[in-house]
């Protein structure tokens, strides 16, 4: 991984960075700053999950469905059956993985790719959003829902309900989640290197002829990605203590996931994280700078950035930076992992 | 009518033509013959600007066309019937012919030329509502030539009209070319079927690896020992 | 609710679905032609419609233009937007991976939605024009819906005639079959793409005229109509006009009947699930040929 070592460096360097990150809650920042940091890391995890399949050319516009299953599955099981998130989250993850399998299997078998795959998955995420709305008697519909609270000022921690009043606790949880995401990304990257090249180049017939089971490889990354995304959705619900159909499902959030990854860079390990940093800081920065005076300004700039990114920087900010760095420091070589 | 002077052209780093010079006079039929990969198709493509030239000059009726973009070539009276015919398979025969008359100057005479093409190729009239993709190879060639004629060209460029056709049909295609000549069209034809084409044209050029090797009246080339040995197999 | 074929409400619902199908058919038309010809999916298509709706709304309510003038202006504005979209955004990446073109228009979606939010706020606006209702037996139908249905049919037929009978229309169909040979016909592909984009935009503008009579306008309305429009096009076989037309009515009936027997969301859920299943059974669309 010549290129990822540029930003993550040696293990020692990585350790120092991580340690610095971990001291963040100890530095006396306000809850607001911690909240931003948590949001970035949490969405970075979700974006990383998406990129696990996105980088293989499987551009899903349907990840809102998986996010929604994670968030609503966990919350519904808790609110209606009193099932602890410790059980609810795994159940939601499994459900999401099964859904990924159900949608992926026919798609890959019938070679539904490109536009068509994007639009089928778009239908999926809309189904998820509409189901949440339609089942309003159970889900609270468009108004959203709050997991039944177990914490209070006197009792700020509930392991059983996976609810914590302290932002610092959430920060450490989310750092862990994020790291797990990066590790999975790398594990997939390493084990799938050989397949990755075939899938990216879309030479499906060629790869099939050299004995690679294309369908199975694609299904594997899809299920991993779907399961991880559901996990992200569940953690999001537990942290926010409020979810609604628009924020965890539907076309808007699905597109947001895709575009953040594109902005950061789809083909490098930390690309999605950079995407999360860019998009969240942009939104917050504009909100702080202009207040709500220019409601919609962040989305406008965001959209404009995406257009410019895709036209001029299709490999994303981090991808571009790494390319530029690699071009300066080393003779060009093939980097199959990228 | 058409003068090509010292033209070079290629695709990317591959050079297909090296300083080719050639002339087609009004009313003539000229063939460019040569083996596969000699640059024959590239020569026609450079005339219609599908590929750009890297050197030399081309003039149509004394007027330079070096800077004319591809989609304006037809307005100068040059119609190019491309290799593999390239009909629009899901348009009908008549719609294909209509595309041949797309340029503004041709539209006003659409009906007249359509009648002319149908008279020339009665088969096309029978099939006019059929999708071009469902025609036989010979019929497709008729349709492609007809499409070329719809713009009322002064010069018709034909790229391998006999390629991929059964021997019986090849004979018919050359009959077609002969009839087009009789109608007074100036024709520049590129062919691998050397023996046949040399019987139809006035003059010919032999192109090898992107260079003109020989040129002269068709009969001379047909009688030339070297040509006969190398290309006609006698 | 009991199922009964003599239930007048059921028939009213079926006919309402039919009318809605006409609107969907028109909405999908512009997107379909863009895809069929340029091979690009404008994810921001419904946002173009949204801007058309605002154009009509402001010209009519704020500036006091007569409704027909406002409608014409809406169509022209969106047609221009379509051309600009193609020229500035699609053209530079036309030769890269197709998915990039889909994604870049997604950026345009956010851009236009954000811009509309900034300029017009999230407030819901209504044209405030009522055409009354039409009564048939015991059934009532809003005249605006009937009008929308009729306009859709006229537009579909008009487009068909244009594509079938004119030089430009023939060229638009031809270019999707063989782009590279077009210059030999004296056709500049770049120009045809611009014309097609204007046409697709104009059809989106016509869609805006219909929607503005039927629904409130707000910056996120595109998200309501966007997905269903894509589904209609894909189910019909992207680029296949007649297929899209049939698909529009299938979807509309799902939605209408779903709304009749349960809530309208269930109609959409059924329609989308039907779409997903159909994609597996007939990925080329209901009328498409696999190619």
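Labels for the chains are A, B and C, by order of writing; each one numbers its residues from 1.
Everything below uses one rule, namely that a residue touches a chain if its C-beta (ideal position, glycine included) is under 8 Å from a C-beta of that chain, and two chains touch if they have at least 3 such contacts.
The shown structure was predicted, so the numbers you read here are calculated from the model rather than taken from an experiment.
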item: Any chain in contact with chain B as well as chain C; value: none
item: Dominant interface by contact count, named by its two chains; value: A-C
item: Chain occupying the most central position, where position means C-alpha average; value: C
item: Furthest chain, CA centroid comparison against chain A; value: B
item: Cα-centroid distance, chain B relative to chain C, in whole angstrom; value: 44
item: Rounded Å distance, chain A centre to chain B centre (Cα mean); value: 57
item: Whole-Å gap between the CA centroids of chain A and chain C; value: 31
item: Set of chain B residues in contact with two or more other chains; value: none
item: Chain B residues touching chain C - in the complex, by the definition given at the top; value: 48-50, 69-75, 79-80, 82, 86, 88-91, 95, 98-103, 106-107, 147, 151
item: Chain A - residues contacting chain C, complex; value: 57, 59, 103, 106-107, 110-112, 114-116, 118-120, 122-124, 126-127, 130-131, 133-134, 250-252, 255, 258-259, 262, 294-307, 309-311, 314
item: Complex interface listing, chain C residues touching chain A; value: 35, 41, 43, 89, 92-93, 96, 98-100, 102-104, 106-118, 121-122, 219-220, 223, 226-227, 230-231, 234, 238, 262-263, 265-266, 268-269, 272-273, 275-276, 279-280, 283
item: Complex contacts: residues of chain C adjacent to chain B; value: 167, 170-171, 173-174, 177-178, 180-188
